[in-house]
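Have a look at the structure that comes next, please.
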Amino acid sequence: MLRVIGVDSLDDLVRVPDAVALRAPVEVTPRLSEIEIAERFRRHAERTTAGAYTSFLGAGAYRHYIPPVVGAIAMRGEFLTSYTPYQAEVSQGYLQAIYEWQTYIALLTGLDIANASVYDGATALAEAVIMAVNATGRKAVLVSSAVHPNYRAVLRTYAEGLDLTVDELPYGADGRTDLSSLDAALADQRYAAVVVQSPNFFGAIDALPAGAAQKIKATKTVLIGVVAEAMSLAALATPASWGADICAGEAQSFGNAIAYGGPHVGFIAATTEHMRRIPGRLVGKSVDINGKTAYVLTLQAREQHIRREKATSNICTNQAHCALCATVYLAAMGKTGLRDCAALNVARTNELREKVTKLDGFGARFTGPTFNEVVVRVPGRAADVLEALEQKKILGGIDLARFYPELEDCILMTATELTSSADVDRLVTALSEIPVRAAARV
Amino acid sequence: MLRVIGVDSLDDLVRVPDAVALRAPVEVTPRLSEIEIAERFRRHAERTTAGAYTSFLGAGAYRHYIPPVVGAIAMRGEFLTSYTPYQAEVSQGYLQAIYEWQTYIALLTGLDIANASVYDGATALAEAVIMAVNATGRKAVLVSSAVHPNYRAVLRTYAEGLDLTVDELPYGADGRTDLSSLDAALADQRYAAVVVQSPNFFGAIDALPAGAAQKIKATKTVLIGVVAEAMSLAALATPASWGADICAGEAQSFGNAIAYGGPHVGFIAATTEHMRRIPGRLVGKSVDINGKTAYVLTLQAREQHIRREKATSNICTNQAHCALCATVYLAAMGKTGLRDCAALNVARTNELREKVTKLDGFGARFTGPTFNEVVVRVPGRAADVLEALEQKKILGGIDLARFYPELEDCILMTATELTSSADVDRLVTALSEIPVRAAARV
Amino acid sequence: MPLPAFDTPLIFETGQDGRANCYLPAGPALEELLPQDALRDELPLPDNSELDVVRHFTRLSQKTFGIDTAFYPLGSCTMKYNPRINDAMANLPALRDVHPFAPDHAAQGALAIMWELERALSSLFGMAAFSLNPAAGAHAELAALLIAKAYFKQKGEPQRNVVIVPDTAHGTNPASAAMVGFKVLSLKSDAQGRVDPEEMRKVVGPDTAVCMMTNPNTLGLFEPRIHEVSDVVHEAGGLMYYDGANANALMGNTRPGDMGFDLMHLNLHKTFTIPHGGGGAGAGPVGVAEHLVRFLPTPVVRAFDADGKDVNASGWRETADLSFALDFERPDSIGPMRSFWSNFAHMVRALAYTYANGADGLEQVSKLAVLNANYIRASIRDVIDVPYDEINRHEFVASAQTLKRETGVRALDIGKALLDRGYHAPTVYFPLIVPECLMIEPTETESKETLDEFIAALRDIVATAKTDPERVLETPINTAVGRIDETRAARQPDLRWRPA
Amino acid sequence: MPLPAFDTPLIFETGQDGRANCYLPAGPALEELLPQDALRDELPLPDNSELDVVRHFTRLSQKTFGIDTAFYPLGSCTMKYNPRINDAMANLPALRDVHPFAPDHAAQGALAIMWELERALSSLFGMAAFSLNPAAGAHAELAALLIAKAYFKQKGEPQRNVVIVPDTAHGTNPASAAMVGFKVLSLKSDAQGRVDPEEMRKVVGPDTAVCMMTNPNTLGLFEPRIHEVSDVVHEAGGLMYYDGANANALMGNTRPGDMGFDLMHLNLHKTFTIPHGGGGAGAGPVGVAEHLVRFLPTPVVRAFDADGKDVNASGWRETADLSFALDFERPDSIGPMRSFWSNFAHMVRALAYTYANGADGLEQVSKLAVLNANYIRASIRDVIDVPYDEINRHEFVASAQTLKRETGVRALDIGKALLDRGYHAPTVYFPLIVPECLMIEPTETESKETLDEFIAALRDIVATAKTDPERVLETPINTAVGRIDETRAARQPDLRWRPA
């Protein structure tokens, strides 16, 4: 091969000027065989508690049952090792799967269209806000403080780049967004969008009342609904039904592993009006030269490779394979499986709430129905209670002081269809055994 | 559908005479959802020690590294859910894979041809003996007592059906077959076959010396070589090279899980002379009507579906998918990987032998080189030593008293490329800590 | 994307030195470890990069038809859907990696699985006990006939050496009989495709060892007088053997035990959704009535409750509080049939399937399998011969006899034309008594839409045969290769690649 | 076997009530659990049996081209083999199931993996530190530009708002700049396809924020004067950003840090063998020089030795005796870029790949990638334009300009003709500065045989174009569909199925 190229050695091919030669030797890992690699990761894996502890963690990353059929299909090499389907003639399979994903998201959210995915729920929100900014020309956004704190933090990161102002709406005693200041906030039409999440970070169903949505629309403000727990879409009134123009969400719950936070899969659904402002890939249905149904990437004039600095977003690689896993999951579960699953989530969470709040000193922090999460008020600091639970191999939930200093006696607990009654009972027993002193330290 | 058929109800379709109605209600397991099924098997899995204990078990079922690529390919649905490739036009892929398997086995054993698989090593031996019986018309067989005891037991089961006599050759101090009585045994030409295994059950390399093979051939007796550890074929002189006419073996070591004993995969290789006596499927290469290379099941006149009671065997369903796993494994490992693997097996076993036999009271029961197994003489009863090791989470090997009463102070220990020096050291430490009393009880 | 039709060179024709994959840590060379004369000279195998291996087999898979690809109505083979949960359970590391020589107390979970399955099968099919030992249906037939032989020997009737099989029987039945030295007597079916008890009475006698039957028989027809046949055989001193390949037709409806069978096998891979894997591995539990239990192959799984009480005779029950042992000490046993205890990974799959269905579910499985088969029969009987045009069970046979006479298109050709339209062919030319036979078994896992499309395809092929037979005869053309020269394959056998 | 060309109806067009699969235990109905007005009216989704789901997606997969199918020389995308060990490690339950909100001490193994990878990347690319936070290359560009913005703001130079990109730059570079409110200045490449330091000097100034480049550039050419360019930008007070999409060309050979870059991203999914999955998920670690570390996104993984000493600045080391924590308290940080910490499963894959290679292996990877690309260039330059016909790196661009003029066959058509022969097409029409451009990147995992076959195919297509251009223009015909009406797709957007 070197002869054909006309050089004498491999090194001749990669010679670089002295000025840019390696300044220090590269020090990475040792070179290992597969057996040794497997052994190393086995040791890494031993240093986590996953599987060994009972977990009530949720808050944007949910433990749901994934039927083995999802992996069996999604890990097929053709899907796994393809890339963005630029060459549609040899990518009809993946393109159709994405078209199906777009349809599932549209049907689940009740909105007209959906894109081929964005990175995750938080960036979906940020991109949705950019859509609203582009639609309205306004440079501020009003966000419920019951939107996932991580999503709000990411929005602030993006806002820094875009010079956006991010204001917040407080939450109320029912754990829902407190809308009492909404009228005033909308008055001067400075907000590009109002953002609420349902179920919100506290698990509360926070669909906007019809009146509020009307007011928002009346001021030509975009209403963005956030969904961090996509499973809820199988049960709850759709974001479209309560007025959302755009729905920004996270679909990890549909057949994707938690995997310490990623890859997960964000989605953006919207009314047709926003079609040309949507970020990322869109698959459309068309025909080939023989009139046969064919799928193809479309409306590419929105995208960076065509429009460069004028694109709706810089996104290129998205989360296609996670969306594929979700599509296979949705197909396998079907409407019956999804509704049953959603119902089980509510039922198990109700059971958790009932049993835990019966304990002395424990209570539900907020009134009102929730989906699969509940904020539990504990005697003393949440952090202490959680620590005591860990001694008993239970990850009891999330210390809300981390995000809401005023809720330092509150734990966000999650139950899904994988939470058994036995799990709940273990939690209850463990909580009842926590020495009162430790729990009531403050 | 019922209307088209012309009946009123499903029950009408399956009505049976009262005389054969269910006599008692069917009582099987309860009906469970997938989540519950997974939970049940998780609990079953907790009741084994696999993964938790260090194991030196072998004796016909070997723990070898299986590169993940094997499963990724072999579990593809097209392979997994196809059946015997009767319709060759839509089975070219699987047929080619079997042709490749036949070639791998031929190349590894040094023989001319190989079949598409039989159930396992033991039945391979039984079928090979049937071949020899059919070839010679003789109704007795002479088997080394160092052939795997389970294989000999299965041969006796089959022999009962075929009215065959099974005689045995003893083993010698070097752990190899003692051939001193061979001449006498061959004298009256009553044996259809002589059967030896290499490496034999004691791990010893038991290739027949050239002189013995010549004598066997001189009496028109078939020489059957058994291989229970296919990995050895990558290293040792081939059965063909030491004179075997037929090689009957077990290929679990090539990319198949141990799985509590099955499915594994037997093979039969032979000289061309025995081609029409070989049991089971054979794939041949041919051409299609356009002259294009094509593969097809062939020489079916040997088989039960054509020849019925005159078939060479009753086998129908074989172990195709295990053979496929083996083929993918062999392709991925290549000659380099296989030779390296075989070398590591020998090296780790040598290390084991050296370290263990240095311990006071321990020794190698047999002289002579072994592949990946060694018979260790222990102070006292093997059973007691093994029990003491189990307390320390070590499965130390096989108590030979189970098969050879005279070897009740002997353990058959196995080391493979997955046995680390640390594993060996744990074993040595554990052995050295066994209270002398317990170990020396007898 | 390389179409399935693209050629794929043999793995031996690709690869190159220096393409070894790095799976193993470095170690010493063989030559340093073993004497030279113990070693082989060379190992003439290719080194291929993992990428090339993946591509090679991915392409081969795409040239392979499975249930996952499309409808697979291969009669007698029960090509139903294989739920993926089965594989996931079989691959749990703590089940997948148990060693057969692990002491019983280190393998309790594996034994529990075997025991639960065995108990469930015994109840479902009305047997006293099953052995999970045999590796496939034919292997189980052999085991059963060895049991019969041992039984008669012990009974002092070693002269019983005739196996009676109906002329519809599968080839493994006579072949298995031959392997235990039994003679085969083939019994002609009556005009209704059934075994007539009166005919049976004529052939049984003091040499009768075993009568091997299946019900529904291989024509898919229920044998309504099976109990009379059993009585005849039993009266003559013989044993009744049930070939369980058709068990998908009658679960929860009637049981071999209730029909008078003494011995039976199951093709677990058929009825219990174990992937057929291109022709195996299968699994063939052998079941026996009470008087034959002691002859079962070794080992047998035995269960004990917390008090150490033997609970083997109990029905299925929860196993968390039971303990288990492998029993090898069975003096009357015919001995082991194979290297180890069972095709265990498949026992996991079969038990997972049992869990997924329960008694009601399994009953429903059989009903729907029967429904689907009858629906196809009723939908094609006006265009193709259906020699036994009555309510069938889970499968039925059509015949291309008239069509062949009229058009020259044979059963084989219809099969090939179906391949061309994306379906697998039915089983052709079996059972042997129906000329130009097409044996169609849809299974219960197919939807009505799939059946309707298949029916339309079949009708269209028949219609084409009548108007333009050549177009059928030249199929398949949409497949990786066209019809293959089988004579050449058999006359000039090329069974392996050889280095140049 | 249904050919890839067979139609596959939408999943919404199949299915039927009563086909639900049984994954979940029974439970109460939603209506009993939540107030009616909180619930949706209906859920208009199909219920399909698992068999029908499997068949549907199996067919779709067979109509999808991946690296596993065949050669995929898609320039700039580094479509190399994805070792299966990577996936196996990522799927270890105790890694796959760790919750991002698990307390640090419950996630030490996961943190160790992230830390080891981050240290390895920093050394390999000469950066002080990486953040594994961003989800893809473009996301990392955004993070880096936010870092630059924060840096200049803190430095009191908020007026710096111009990003300079060469005209060969990838579209994400300017698009990312726009997302932080920066203006884009496109710099013309010189006749050798390089960035000329003198030209750079002319455009830098007090408004220069960042210069975004890649080396080798998107023409596959090494920028030999990159250090001079860096000096110019630095002197003007700007920062140098390295687009790591081409990192496969230079591992162990030179480092962005050594070339003077202050910021960079990696497309981990390209260089580090993470399956591209049909367009993601990817992973885009963002690396920075020392003076920018404090701006990195949150959280950052920190490591401590047994004595509690901070060992973050150390090179890669064994982690068994280290402990780890996620650090969110970083006042200068630009904040988080995404919901959680990283695309962690991909970090497992990337670390597995690093283990599999080590420093020497990675150096060899890049050398072989360069060798393969040059081999193709040298083997086709006599039949097709190679605008920059000199030693290239891991990829190069050819051009169909002459061919188009002579025959009417464009780059696009060559791509389609390659599809027809079982190859993926190269990247076409990027970079923008080369007309009728074909950007070819073979990667190091392809064998010489594969390259030779591809070269022969390409040469044959060019030859056909010259003799019979129509035959090229009418390709592809061997694919599931022919060329697609893209105008119709864009003019009458149909982005979803709708219930009838």
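For reference, chains read A, B, C and D in written order, and residue numbers begin at 1 within each chain.
The rule is short, and it goes like this: a contact is a pair of C-beta atoms (placed from the backbone, for glycine too) under 8 Å apart; a residue touches a chain by one contact, two chains touch by 3 or more.
Predicted model only: the values in this text are computed from it and were never measured.
Colleague: Check A-C against A-D and say which one is joined by more contacting C-beta pairs.
Modeller: A-D
Colleague: Which chain is most remote from chain B in terms of Cα centres?
Modeller: Between chain B and every other chain, the largest centroid distance is to A.
Colleague: Would you mind pulling out the distance in Å between where the CA atoms of chain A average out and where those of chain B do?
Modeller: That gives a centre separation of 50 Å.
Colleague: Just how far, in Å, is the C-alpha centre of chain C from the one of chain B?
Modeller: Centre separation, chain B to chain C: 21 Å.
Colleague: Where in chain A do residues touch two or more of the other chains?
Modeller: 32, 34-36, 38, 65, 67, 69, 72, 75-78, 90, 417
Colleague: Two-or-more-chain contact residues of chain C, please, as numbers and ranges.
Modeller: Residues 1, 4, 19, 21-26, 50, 54, 58-59, 62-65, 67-69, 83-85, 87-88, 356, 419, 448, 479-480 of chain C each touch two or more of the other chains.
Colleague: Which chain A residues qualify as touching chain C in the complex?
Modeller: Going through chain A, the ones touching chain C are 32-36, 67-69, 72, 77-78, 90.
Colleague: Under the stated contact criterion, what part of chain D meets chain B in this complex?
Modeller: 1, 21-26, 54, 58, 83-85, 87-88
Colleague: What residues of chain A sit close enough to touch chain B in their complex?
Modeller: Residues of chain A touching chain B: 34-35, 38, 65, 67, 72, 75-77, 417-418.
Colleague: Flag every residue of chain C that touches chain D in the complex, lowest number first.
Modeller: 1-4, 6, 14, 16, 19, 22, 49-52, 54-55, 58-59, 62-65, 67-70, 81, 83-84, 356, 419, 422, 445-450, 478-480
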